[in-house]
Structures are given as structure tokens and as C-alpha cells.
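What follows is a pair of complexes built around subunit A, which joins subunit B in one and subunit C in the other.
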Partner chain A sequence: MNNKNTTIGIPKALLYYKYNDLWESFFNELGINVLYSPETNNEILERGKSLSIDESCLALKIFMGHVDYLVNKVDYILIPRIECLKKHEKLCTNFYALYDIVNNIFNTKILNYNIDVKKGKTEKKAFIQIGKSLNKSHVEILTAYNIAKNVFKESKKQRYFDQLNLLNTSTKNKILIVSHPYNTYDKLIGEPIIKLLKKQNTDIIYCDVFDEEEIKNKHTHISDKVYWTYSKELLGGLVNYYKHIDGIILLTVFPCGPDSLTNEMCMSKINLPIINIIIDELSGEAGLQTRIESFIDIVNEKKKVKNN
Partner chain B sequence: MNNSYVGIDVGSISTKGVILDNNNKILASVYLWTEGNPISAVKKIIKSLELQIKGKNIVIKGIGVTGSARKLIGTILGANIVKNEITAHAVGTISIHPDVKTILEIGGQDSKIIIIEDGIVVDYAMNTLCAAGTGAFLSSQAKRLGVDVKEFGNIALESKKPTKIAARCTVFAESDLVHKAQIGYKKEDIIAGLCNAVVNNYLNNVAKEKKIKAPIVFQGGVSKNEGVVKAFEKELNEKVYVDECGHLTGAIGIAILSKKENSNIEFNLNIENIKFENKGVECKKCPNNCDIICIYKDNTLIDSWGNKCEKGDSIQPANVNQV
Partner chain C sequence: MKKKIISFPHMGNYYIPIKYLLTKLTNCDIMLSPPITKKTLELGSKYSPDFVCIPFKYNLGNYIESLENGANILMQCGGGCRYGYYAEVQQQILKGLGYNFEFYSLTENDKLAAISMYRMFKKINKKLSIVKFLYYTILTLKMISYMDKIDIYIRANIGFEEEEKSFENLLKEMHKDLESTKGFIHLRKTYIKYNKLFRKIKLNKPSNCLKIGIIGELYTCMEPFSNYFLEKNLAKMNVEISRRTNVTYLVIKKRFNTKKILRECGNYCKYTIGADGTDNVSEARMLAKKGYDGLIHTKPFGCTPEIGAMSILQKVSKKEKIPILYFTFDSHTSEEGIKTRLEAFYDMIKMRRENNE
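What follows is the complex of A and B.
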């Protein structure tokens, strides 16, 4: 492969919102071009819907739309396959089916990396695998990986620091968004909700921004049985922020399996204004507005009572 | 001069309007069908309200609008408060029943439950995708049985042994109902069974996992059906209150909220001769193709909404394709 002109396509969906800082700087260090799909728009959603089976969750349908955008524009599309990140934990099936789904639907070259810690396939090994398939030397790959890992850690730290700062200084209602980053930051799923919330004079706290050490084992306050890594993180984040916020929005895409379980747990254990918003592909903004507005009314009234 | 406040609740099926005085007493009220045209419905409402207060020494110090067309109508009337129907219903109901703890509401196409503690809303739920067990379902089944839906309640009360009807889904309820009628169940038993089905559906879907505490108030069009009221009382083992003016509580609530805004402006209700127009335009500036609604007052653009991003802010019907 001629590296000079190789371009990797990264779909702006699903794990992009979690790992892009890592990916971007890794490819940058290796001198590889990256092309991103644009923010989710209706066209991407419609393409994704027509390429997916009905039972897929909305986030996966959107992902398919992003992949479709990149096909024929790049040499490889980055599609990770992640099954297990920590011992005794798993990811949602979608994340370990992703490679096969894309491979079956599209006729395109895939740049794959495979993480399955319980079988000894660590993230580091996975990145070496990527680097090798791009014809890079072992030293080049490891240097790039270490730099990328540092950038990734620092940006996470910075976001956490900024959020703590906001928590300490904010005088507005603080609403915690409990949702996977691929929902929260998506232009069509999370952004309309965040816009509505900001119009209601609130500050948004993101549950997916946390310090890993700090939330360790905190999910056990809600459930010690959950084994999905990303759900555990959200529950841990929720417990971590719980005392410093005024209301909670559980934002889910239809029909997310892990969320359907953890949402019920949260709603029965948490004593704060809380709503569960489920987004599907039928976009009715009117209902959303009514729900958000009346939820903020509840938060305001409860605060008034508390302050009296 | 007496201060008074206008409250308007523009729903998908019906539009309601009230004028309250300073003590929340109703001075005038109207109820009519929206008929898919909220602007003309509101014009009619305003005209009727004006007729009812003619000659009385009244100044309007606030206009509040709620309901699904609240934004459109709020803009047209220049309302000083535009709020969602959940808050408006709760405020209105609390003004009539200060100690209410649970509000059940079943309307034409949607249903809600609102939980109140110490006079404030603490929780609520709305039906999501499923409209089973709402007014629309009852009227279609009434038609099938050849009964006027207004008679439903009275007929249901005659039943001694209500038929069991599958309540989970309208489609199954309907086929179950046809089957029961074919094998010879009495009409009043089937109708009473339908009322029970509506209640069970509501309690299992909308009110799922909510703690329903007395006093309970039941609102919305279906609350006029005695059969459903009795079925609720039986199922919940509590008295269920239905008000004569239950259909107006949203309008009453938003009028009270507009009073709380303490506005000093005098409002003018004279909109009958003003031409309002809403045009839908499609923004072509990005692949989202948002539908943007533009509101014109006598041919001048006064407001627009519906765009997902700032690219649509400057949209004027002149430079985009009309829908």
C-alpha cells in the first residue's frame, strides 16, 4: 500500500464520540490522512434506516448512514470490533457485531481493530494491528500509540476539570444528561434536547465526563449486577454527580437493550426529578418540547420548595 | 376597572378559552372544535369571549396560551405567557381542588397522568406511540356497535357483568369485541367491558409504576363517560372527581399563570380583522431540509420557527421554495 495517499474514513457516530481524540492523534502521528463523515443529518439518517434491519437501535442505523457516506471516498473505513474492555465485563452486542454487519452490507475495505481483553487482545495489541496493516514499523506504531494515549487522557482530564468548574460556579439549574456519548452529542438525537434545555436557562452536566478512578465501583449504589462497561460508567457517573445536580434526563435511543434495564434501576433508586426520553426515528419535536418544558417546571418548583 | 386574564388552550381536537377575574372566578368561557385550523378557532373563541364580557368594566392584564398549538397562537395574540399543557392543567386543577394528588386525563388522542405533592407537580407521564384507550378509540368502537358515544356511559352502567376485553392494544381489543358480539354477549356488557379495557390500558401503560394517591381528579373528554369513571373508581378503590368545567382546566391554569406574570400592559383582543397567515417553507441550506413555519400578520413576517440550525434563521419565503 502506498502510504502517502492513504485516507482513512471515520464515521462520525457511535464510538467516534468516545475515542476520536485517540484515533485522530494516532493517525496524525503516523502521517495518515483522515476523512470524517459530516454531522448526522436527515439524509444520513434516511440512508442508514434503509440499510439497517428494523430491529437495530437508532444509533446503529445512523452509523450505517455515516459509513455509507464514506464508501468510495476513502481507502479504508475504520470499524472497530470491541467485545470486552475489562475482565468480567462486556459491551453491547452491537459493538462486537459492528465489523461483520458493515462487512456484510458494504463492499468496501475496512480497517479493523479487535479488542477482547478476556482473550488477551488488548487495546495496545489492537493498535499495533492497525499500524501493521498500514505498513508502519513497530517503533513508529508504539510511539504514535503512546502519544495518542496521552493526548486522549489529557483531553478527558480537561473536560472533567471544566465540568467540575461549571458545577462549582453555576447558579442555574443543573441538569445531568445520562446517555451514551453517541446519543448526547449527535446532531439529531441529543442536540435538539440540549438546545431546548439551554433555552430553559439550565446548565448541562454530562454523565459521560468523569474521572475513571473516581467512579470506580460507584455503580454498585444502583446495581452491582450490571456487566456492560458503558452502562457501568454511566451509572457510576450518575452516582458521582447525583448530589450536585437538580434534575436528571435519561436519554435513550429506541430500542436500546442495556438502557431499558438500567433506566428502570435509576428511576426506582434516585430521588430527584428524573425523566426518560426515548428517541426513535419519528421526529416529533412538539412532544419533546412539552416534556422538556414541564420537566424543567418540576425542577424549578421543587427547588423553590427546598429553598423555602 | 377590573383586571382580568385570558387563558386559551388550543388542543388538536378542541380549543378552550376563559376569562378570569382577579379572584380566579370565571367571567366568560368557550369550548369549540379546532377543526384543524387553530387560527380561525382562536378568532372565534376571542369573538365569543368578547361578547360575553361586553358592557362589563374590564381590562385585560394578561393573556396565556397553552396546548399543542401554543407557540403559533401565543405569537398571534402577543401572549405574555406560553406554557406547556402539563403545568397549565396542574395549576388549573389545583385552583379548583387545592389538595389534589393525582390528575388522570384521557383526551381525544392522548392521555396523561400528573402526580402532585404539596401543590407542586412532581411527576408526570404521557402516552407515547400508542393511542389505545383514548377518546378516538371509544368513538370508533361506538360507531361499530351503532351507539352514540355520548350514550356509552349510561349504557355501561346498566351492565351487571362486564365482558372481559383484551386491553393491551386497540387492534386486539377491536377483534376481541367483534368476537364477543358474534357469540352473543349483551351490548351493555360489551360496552361496560370496553370502559374497563380503557381503564386497564391506561393504568398499565400511561400510569405504569406511578403511585396513584387520593384525592384523584379525572379530566379530558373521556371523563364525561360515566362508565369509565365508575371503572376507575372500582379499579383504584377511591372516589374519582370529575368537574363540570373539567374541560376548561388547562385554560384556567394558563390564565392564572398569566396573572402571576404581573404584567402592566393592557392587552387588546381585537384580532378579528387582522389577517394572519402561516406559510411552511423548506430550508434548502443543508441536507436536513427543515420545514420552517413563518407567521405573517397583515403580510409582515412576525415570527418563524422549525429550523434545526442557525442557517434557517434568516429564511424568508421569498428566497426558498414554497412547500
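What follows is the complex of A and C.
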């Protein structure tokens, strides 16, 4: 295999929004071309819908559409499989099954890595696994991984720093969006909502931007039994920003398993204006607009009462 | 001090061993929640989050009915998928409704382990010794495994009984006897006695009868009310039924066979796909190899692991040439719709069999 011509396709969905900084610089260091699928559009959604089971969550359907776009355009498609990132924690089972679902639906070559900390399969080992399948030497892989890891950490820090700055300087209403990054930043799921919010003269705080050390045990204020890593992070972020914000939007895709229960916990334990927006593939923008506008009205009224 | 009354949600016939265990380990009264009816489901759905899965709603309905009848200690299990998070949310919803009760979960950190179970029972009954706890837990597990063994025989043959209800009546007798189990030897004697009696029931079974396997999510598989008495309806159509999912399998066998199950999946699965998804894929492939005529896959609406498994099962169905009927159960599922689909499926596999012969 001639490495110079190898292209890896990365679907712009699900874990892309979490790990892209890591992937991008890792492949960059190894000198491998990367092709991204475009931002989610209607065509991708339609393809995804026709390829997946009706009841799958919207994020997974969109992911299928992205994979479908990349098939036949690239040599490998990067599909991670993550079961467990920390001891005593888990991920949503969709991430367990991601590799096998794609492998059974598409007939394409997959570049796959597997993280399961409980069984000793760490992220480092996983990246060595993908490096090896691209015929790279051990040293090359480790250097690339270390550099990529640093870039990843730096960009995370930078984003957190920027957000703290915004929190301290902003005088507008601050609305916290509590949602998985693959919903918040998706062109079809999160972006219409963020646009509407910005029109209403608000500043948006993202729950998925945080410092890991700082939120470590904060989720216990809402629920101490939750064991999904990503939900834990969201709850921790929520508690972390709680005192500095004016309203909370829980953005969920239909029918998300973990969120269906953690939302219930959030709604009953929080005293700020809170709204749960559920997006499915049929959501229209008109209804959304009404809900967001009235929500902002509530936030304003509450603020007035508080200031008096 | 108020008398403590324990209650727990229903699942199939398993209330018998659970009641037995609780009576032996605690000094409280045990109250069975009223049998599941449509009202149970209505109550449960009313107070549940919007798109939580259906077992949550049934469990919540059971709890509310028990609390109304005076129970003040509730129990929940958990593990695998979001089932592990049921306990906390249900507790909170019930507290919000103004009930006064204690809530215990058999699982800790999403795992069912003997030590955490012992710790939990110790909270209810301070005098409980570990020896007594282990003795009765193992005895109960043995009882469950005997019940499951008998159930497997019943499932395969109930469609062919000569005299109607002979299996059902004998099963009721067995359950009554199990309630007064005295120890391992007594339990074994009961099992051997009923095993003989069940095998004596006269059958009218052709050697080439239709065979259907049931796979899917555990609750909708095992609680007959939640799947609209699927197995009973199938039995009326004179088919042999096989189902691997039972408590013995989930609690004991699965733990030691993870690698074997993954191997049985062949090329379809490289990794475990969460909860019981892998087991169902392997079971589907094994039953196809054994020459079963069709499979029925049951799941609650929105069950994430089973949806993952479905994408893979569709390929299994195509490659191994075995038809699979997918049922999704929700609080709005209509019984007639299920019957119609079941009948059509039966006709289809019957015709398929005739064409092949």
C-alpha cells in the first residue's frame, strides 16, 4: 500500500465534534490525507434515514448519511468504537455498536479503533492500533499521538478560557446549552436554535466546554448514580456554570436513551428557567421560534424580579 | 414503629423466587404488587418521562399500585443499558408524587454483585448473617434455574397438548409447591417430581412442526403482559417455541460465556454491541443453523442496544435466509395489530415450509 495516496474519510458527525482536533493533527503528523464529509444537509439526512432503522436516534441517522457520502470516495473510513473511557463508567450503547452497524450496512473498508479501559484497552493503544494498520512505525505513531494529544488539550483549554472570558464580560442574557457536542454544533440540529437565540440578543454558553479537573465530582449535585461518561460531563458542566447563567436549554434528539432519564433529573433539581427541546427529523422552524422567544421572555421577566 | 412492607415490580413468574428470598432474608411483610393490567400501564405512563422505554412505565405503575396498597419499601434491580438508571429516576418521581417510602437497589455501579446485595439486605435486616444470606441466595438462584428449565420444556410443547390447559394447571401446582421449599434436597425433589409429571402430559406433536425462536429485549420477552401474550398466541397456532433469554441466562450463564457468544456471532459482530444485543445476534445465527422457520424479535420503543442489534439482524436474516418479525412495544401498541401481524407471519413461514418440501 502506498501511503502517500491513502485518504481517510472522517464523517462529520457524532464523535467528530469531540475528537476532531486529536484526529486531525494525528493524521497530519503521519502525513495522511483526510477527507471530511460536508456539514449536515438535507440530502445527508435523507440518505441516513433510508439507511438506518426507523427508531434509531437522529444523531445516528445523520452519521449514517455522512458515512454514505464518503463510501467510494476514500480508502478508509474512520469509525471508532468506544465502550468505556473511565473505570465504572460507560458510554451509550450506540458507541459500542457503531463499528458493527456500519460494517453490516456498508461494504467498505473501515479504519477502526477500540477503547475499553476496563479491559486495558486505552486510547494510546487504540491509536497505535490505527497507526499499525496504516503501516507506520511505532516511533512515528507515538510521536504523532503525543503531539496530537497536546494540540487537543491546548485547544480544549483555549475554548474554555474564551468561554470564561465571555462569562465575565457579557452583559446580555446568558443561556446555557446542555447537549452532546454532536447535537449542539450540527448544522441541522443545533445551529437553527443557536441562530434564533443570537437573534434574541443573548450570549450562548456551551456546556460541553469545560475543564476536566474542575467538573470532576460536580455531577453529584444532580445525580450521583449516573454512569454514562458523556452525561456525567454534561451534568458536571451544568453545575459548574449554574451560578453564572440566566437560563438553560436542554437540547435532545429523539429518542436519546441516556438523555431521556438525565433530563428528568435536571428538570426537577434546577431552579432556573429551563426548557427541554426535543428535535426529530420532522421538526419545523416555526414552532421552534415561538418556543425560544417565549423562553427568552421568561428569562427576562425572572431577571427583572430578581433585580427588584 | 410502623410495620415494614416490601414490594417489587413484576416480571413473569419470577415473583415466586423473589418473594421466597425476601421472606427468608428480611423480617418484613412481603406484598406482591397487584397483577399488571391496563391501568398499571396508564398510571406508569402518566408520570414517566416522555420517551423512556416501556419497562420503566410498567415498573412505575407497579410501584404506584403497591404504594397505594400500603407498601413502604420498594426494590429495583438494574444493569446493562439505561435500566441501571431506573432506580434513581423512579425514586425521584415517586417522592415527587408525595409518597413516603424507602428505596433499595440490588445493583451498585451498574453491576449485580453478591457483596453489594448483602450490604443492601443488611440495611433492612441488621441481624442478617453472611452465611444465611449466601445460603438463601444460592437456593433462590437454584429455584430460578429449575423454573427456567421447566419453562423451556413447556414452551416447546405447550402448543401440542391434547387436553387444554393441562400444562398451565400443573405449572400453577408447581409454583405453589415451590413457595414452601425447605432446602436444596427438598427443592431438587420437587423439581424431579414435576419434571416427570410434565413429561407425562399427553402430546400430539408432529415431528416436523413449525419452530419459532423468540429473541429480543429481556423485559418484553419475559413479561407476557408487555408482549400481549405472544407465547400464548403462538402456542394456539401449534408451533414449537424456543427462547434463550431468561433470568438464569442473564444472571449466571452470560457472565461466563461472553467470548463464546461473540464467537457465535461470526462475522456479524467484531465487538460486543451493548446490553443483550450480542446475545441476540448470536442466538439468531444459531437458531438459523438449527433450521428454525422464523424468529420474532421484541423490544420496547427506543431501546438503544436492540436498535443497534436490529441493523445487524437484518443482515443475518438476509444471509442465513431466516425471516424475522420485529415487534416494538409501546404504551399505545394495539393488540389487534399485533395479532394480525403474527397471523400473517405464521402464514408466511408455513407457506415457505411447504414450498421448500
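Here is the rule we use: the second predicted complex is superposed on the first by the 308 of 308 C-alpha atoms of A that agree within 3 Å, B and C clash if a C-alpha of one lies under 4 Å from a C-alpha of the other, contacts with A are read in each partner's own complex, and residues count from 1 in each chain.
By definition in this document, a residue touches a chain if its C-beta (ideal position, glycine included) is under 8 Å from a C-beta of that chain, and two chains touch if they have at least 3 such contacts.
Here the structure is a predicted model, which is why all the values come from computation and not from measurement.
Partners subunit B and subunit C, once the complexes are superposed on subunit A, both fit on it without clashing.
Between subunit B and subunit C, more residues of subunit A are touched by C. When the two structures are aligned on the shared chain, A:I278 is found in touch with subunit B and with subunit C. Once chain A of one complex is fitted onto chain A of the other, the partner contacts of A:N72 are absent, as it touches neither subunit B nor subunit C.
Shared-chain residue A:S56: touches subunit C; no touch with subunit B. On the chain A superposition, the C-alpha centres give an angle at subunit A of 80° between subunit B and subunit C, rounded to a multiple of 10. Once the two complexes are overlaid on the shared chain, A:Q158 sits clear of subunit B and of subunit C alike.
Residue contacts after overlaying the shared chain place A:N150 against neither subunit B nor subunit C. By the touch criterion defined above, A:N135 lies against neither subunit B nor subunit C after alignment on the C-alpha atoms of chain A. Superposition on the common chain places the nearest Cα atoms of subunit B and subunit C 5 Å from each other. Once both structures are placed on chain A, subunit A residues 278 are touched by subunit B and, in the other complex, by subunit C. Those residues of subunit A whose C-beta lies close enough to touch subunit C in the complex are 52-53, 55-57, 81, 83, 88, 90, 92-94, 96-97, 99-101, 103-105, 112, 114, 223, 225-227, 254-258, 260-265, 268, 278. Against subunit A, in their complex, subunit C makes its touches with residues 49-53, 81-82, 84-89, 92-93, 96, 109-110, 268-275, 277, 301-305, 307-312, 314-315, 328. Looking at the complex, you find that subunit B touches subunit A at residues 68, 83-87, 118, 120-124, 126, 128-129, 209, 286-289, 308. The touching residues of subunit A, when paired with subunit B in their complex, are 41-44, 187, 192, 267, 273, 278, 282, 286-287, 289-291, 293-294, 297-298, 301-302, 304-305.
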